[in-house]
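Quick one: this structure, given as C-alpha cells, is what I'll be asking you about.
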Amino acid sequence: MTEYNFAYLDEQTKRMIRRAILKGLAIPGYQVPFASREMPMPYGWGTGGVQVSAAVLTPEDTFKVIDQGADDTTNAVSIRSFFQRTAGVATTTSTSDATVIQTRHRIPEEPLHEGQILVYQVPIPEPLRFLEPRESETRKMHSLEEYGLMHVKLYEDISRHGHIATSYAYPVKVEGRYVMDPSPIPKFDNPKLGDMAAIQLFGAGREQRIYALPPYTKVVSLDFEDHPFEASKADHPCGMCGATDSYLDEVIIDDAGGRMFVCSDTDYCEARQAAGHMGKDNGGKDAA
Amino acid sequence: MIELRNVSKTFTLHNQGSAVIEVISDVSFAVAPGECVALTGASGAGKSTLMRMIYGNYLTRAGEIRIGDLDIVQAEPRDVIKLRRDVLGYVSQFLRVVPRVPTLDVVAEPLRASGVPADEAQDRAKALLTQLNIPERLWPLSPTTFSGGEQQRVNIARGFAHTYPAMLLDEPTASLDAANREVVLSLIEDAKARGAAIIGIFHDEAARTRVCDREIDVGRFTHGLAA
Amino acid sequence: MTPLLSVQGITKRYGAHIGCADVSFDLYPGEVMGIVGESGSGKSTLLNCMAGHLAPDAGQVVFDTRTDGPRDTITMSEPERRMLGRTDWAFVHQHARDGLRMGVSASGNVGERLMAVGERHYGDIRDKATDWLGRVEIDASRVDDRPTTFSGGMQQRLQIARNLVTGPRLVFMDEPTGGLDVSVQARLLDLLRGLVRDMELSAIIVTHDLAVVRLLADRLMVMKSGRVVEAGLTDQVLDDPQHAYSQLLVSSVLQV
C-alpha cells in the first residue's frame, strides 16, 4: 500500500491515544492530557482530530471529513486524502454511510446512528481559558466543580448585548459534572450533542487534550433562568434545497449586496436536492 | 458604680534609657450612681492619666478598677469594647473622627453602635446639636474643619448622645462661651438625675462647685513622686 | 460565646527564616482586629496563613462555620476551604487588580461570587450587583464598565463590593488603603467602617498605617520579626504602648 504505518502514526502512539480516549469516555467531558505528536500539517489544521481519527480508524472503516459542514473545502479534502493515502480506507461524503466522521465546526444535520464515531477538531479545549488564564487554576476549578466563572462570561454577554451573544463554542455541562467546550460548532448544533447515538471524540493537538462523550450522554447548554439557551440560526429556508431545519451559511453572490442562504451541510443539501427538494434560488417551489 | 482599689501606674520608656516613671500609686475611691466626683490637683498630677486608666486607654499596673461588674484592669479587649459601647462614656478634650463623615453622623454614631435605629439616633443627634447651638447648616459637614469651640461642642453632643450609666468628662466646659457652658452643665445635671456616675476634670471652679458632689485631690496619690 | 475565629500557634518558616511564629488569638463576631508592624514583620504571612493562601508549618485556624460549628480550616478539605472563601470569608487585596477580573465589567465582577454560589437569574444578579456598587459609591452608569477604566480608589471600592456581596462574616484585608491618595483613603475608611458596623462583620486588617487601625480596629496586634510583641485594645496599644518596639513604632509616626 504505502511505506507508512497504517493511518500514519506508529502503533505505540495509537495505543497511547486510545488509552486517553477510553479514559475520556469513562469520564465524559473531562479533558485527558495526551502526548500529542507532530503531524505533517500545521497546528490549527486539525492535528488533534487527525490523531484521534488515526487511533480509531480500522481498515474496514469508511471515512468522511467535513469542514464547516462542507466535504469539499481544502481542509476536508486534504485530511480525507491523507487517510486515503496512509490508511487506505474507503472515503465518502455521505453522512449515513460513514463510520468515522472527522469534523471542524459542525455536527451533520442527519442524525447519527449507533456504531458511528464523530471526531471533532478542537482549537482550545478549556472553556474557562478566556477568563482564567492559569492552567493550574482551571484544573482546580474543574476538579472542585467551581463553575461560577463560566456564567460570568454569559453574564458579560447579556450585559453588553442584551442577550447571550456567544454563538459558537457555547459551553455545556456534561452529565451534571464537567463543563466542556464543544469546539467551535454553532450553538445551533448544541442540542445534537446530548443523547447522541454515536460516540463523540474531541482532539486538541496543540493543547494536547482529548475528551469524549459516550453515546446517549446528557449534555446541557449553560444559561440563565431569565435568559434561557436558544439554538439560533438564520431565519431563512435554504436557497438550494428549501430546508427550514438546517444551519445556513450566508453567501454573497454579487457586488450589489445580493446574498443567499444555503445549508452549511453540503451532503444534507445535496441529498435533499436529489430527492427533489428545491429552494427559491434553485427554481424550486419550496421557496418560502 | 465606679470603684478603684489600690490602683497604680508607671510608664516605662524603653527608647529613652528604659526610664521608669511612676505616675500614681495606691489610688482608692468609689463613685455611686447619681454622683459626680471631680479630680483635682496641679497640672501633671495625673488627673488625665487616671481618667484614661479608668477608660482602659492606659494600662493599669496594679489594683482594680470596677465599673459595674467588670474589672477593667483584667478585662479582655472585647469586654472593654462592650463596656465602652453600653456603659462607660468618655468626653475627651479632643475630637477624633474619620475625615469626611458628617457631623450629624459623628454624633449619632455611639447610638448606632449600641443598636439604636438610624432614624431615632439621628433625631437624638439633631436635638443635642440644636441644644449646643451648632447651626443646622453645619450638620452635613465634617467637624474636622470646624473651630475649636465648635469641635468641642460636637464632641460633647457625641458624648451625651447615649445615656451611659457611667461617664468620664475631661474639661467639658473648656473653651465654651457662657451660653454653651450652661447647656453642658445642664446636660451633666440631667445625667446625674437619671443616675449616672460621673468623674470629671474641671478647671472651671464655678462649674465644679455647681455639678460636683465631692473632690478628690489626685496629688495625694503621687506621694511627692517626681512628676 | 464562641469565637468566630480562633488562631492557635500559627507558625510558618521559609527555610531557616521565620515568617511568623506561634501566633495565637481569638476573634469574636463583630470585632475588627488590626495587625501592624514594619515590612517583613510577618504580618502578611500570618494573614495568608489564616486565609488559606499559605499552608502554615504548625498551628490551627478554627472558624465557627454556619453548619458544623468550629472547624480547623487548615486540615479541612480544599473544596470546603475554597467554598468558605466564596461564602463566609472575603479577602481584600492591597492591589485591586489582584482581587478583580480586569477584563470583566464592574457588575460582572460583583456578580461572580453570586454565580459561584449558584445564582442563575441574570436580572437578580444584576440588581444585586448594582445595589452593591451603589453601596460602595460607584454610580449606576458605570456598572458595565471594566475596572481598567476606574481610578485606584474606585477599583478598591469595587473589590470590596465584590467581596461583600455574598454577606461574608469574616473579611481579611491586606493594606486596603495602601497606595491610595490620602483623601481617597479617608473615603474608603469611612465606607469600610460603615459596612463593618451595618453588616456586623468581623475583620482582620494588616497594615503599616497606624491611622488606619486607629479608625477601623477595635483591637491591635503589633508584630516584629514574626512574633506578636504586644496586643490589646487599639487605643490602649497606641496611646500607652508597653513593648519597646511598639513605643518606637508609635513615636515614629509624624504628627500632622
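Just so it is clear, A, B and C label the chains in written order, and each chain counts residues from 1 on its own.
In this text, contacts are C-beta pairs under 8 Å (C-beta built on N, C-alpha and C of every residue); 3 or more make two chains touch, one makes a residue touch a chain.
Every value quoted in this text rests on a predicted model; they were computed, and no experiment measured them.
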{"item": "Innermost chain, where centres are averages of C-alpha coordinates", "value": "C"}
{"item": "Chain located farthest away, centre of chain C as origin (C-alpha)", "value": "A"}
{"item": "Length of the line joining the C-alpha centres of chain B and chain C, rounded to whole Å", "value": "32"}
{"item": "Centre distance in Å when chain A and chain C are each reduced to the mean of their C-alpha atoms", "value": "46"}
{"item": "Centre-to-centre distance between chain B and chain A (centres being mean Cα positions), rounded to whole Å", "value": "76"}
{"item": "Contact footprint of chain B on chain C as seen in their complex", "value": "28, 31, 186-187, 189-190, 193, 197, 214-215, 218-219, 232-233, 235-236, 239-240, 242-244, 247-248, 251"}
{"item": "Sites on chain C touched by chain A in the complex", "value": "78-79, 82, 86, 101, 103-105, 107-108, 111-117, 120-123, 125-126, 143-144"}
{"item": "Residues of chain A touching chain C in the complex", "value": "131, 144, 146, 148-149, 151-152, 155-156, 158-160, 223-227"}
{"item": "Chain C-facing residues of chain B, complex", "value": "11-15, 52, 56-59, 77-78, 80-81, 96, 98-101, 112-113"}
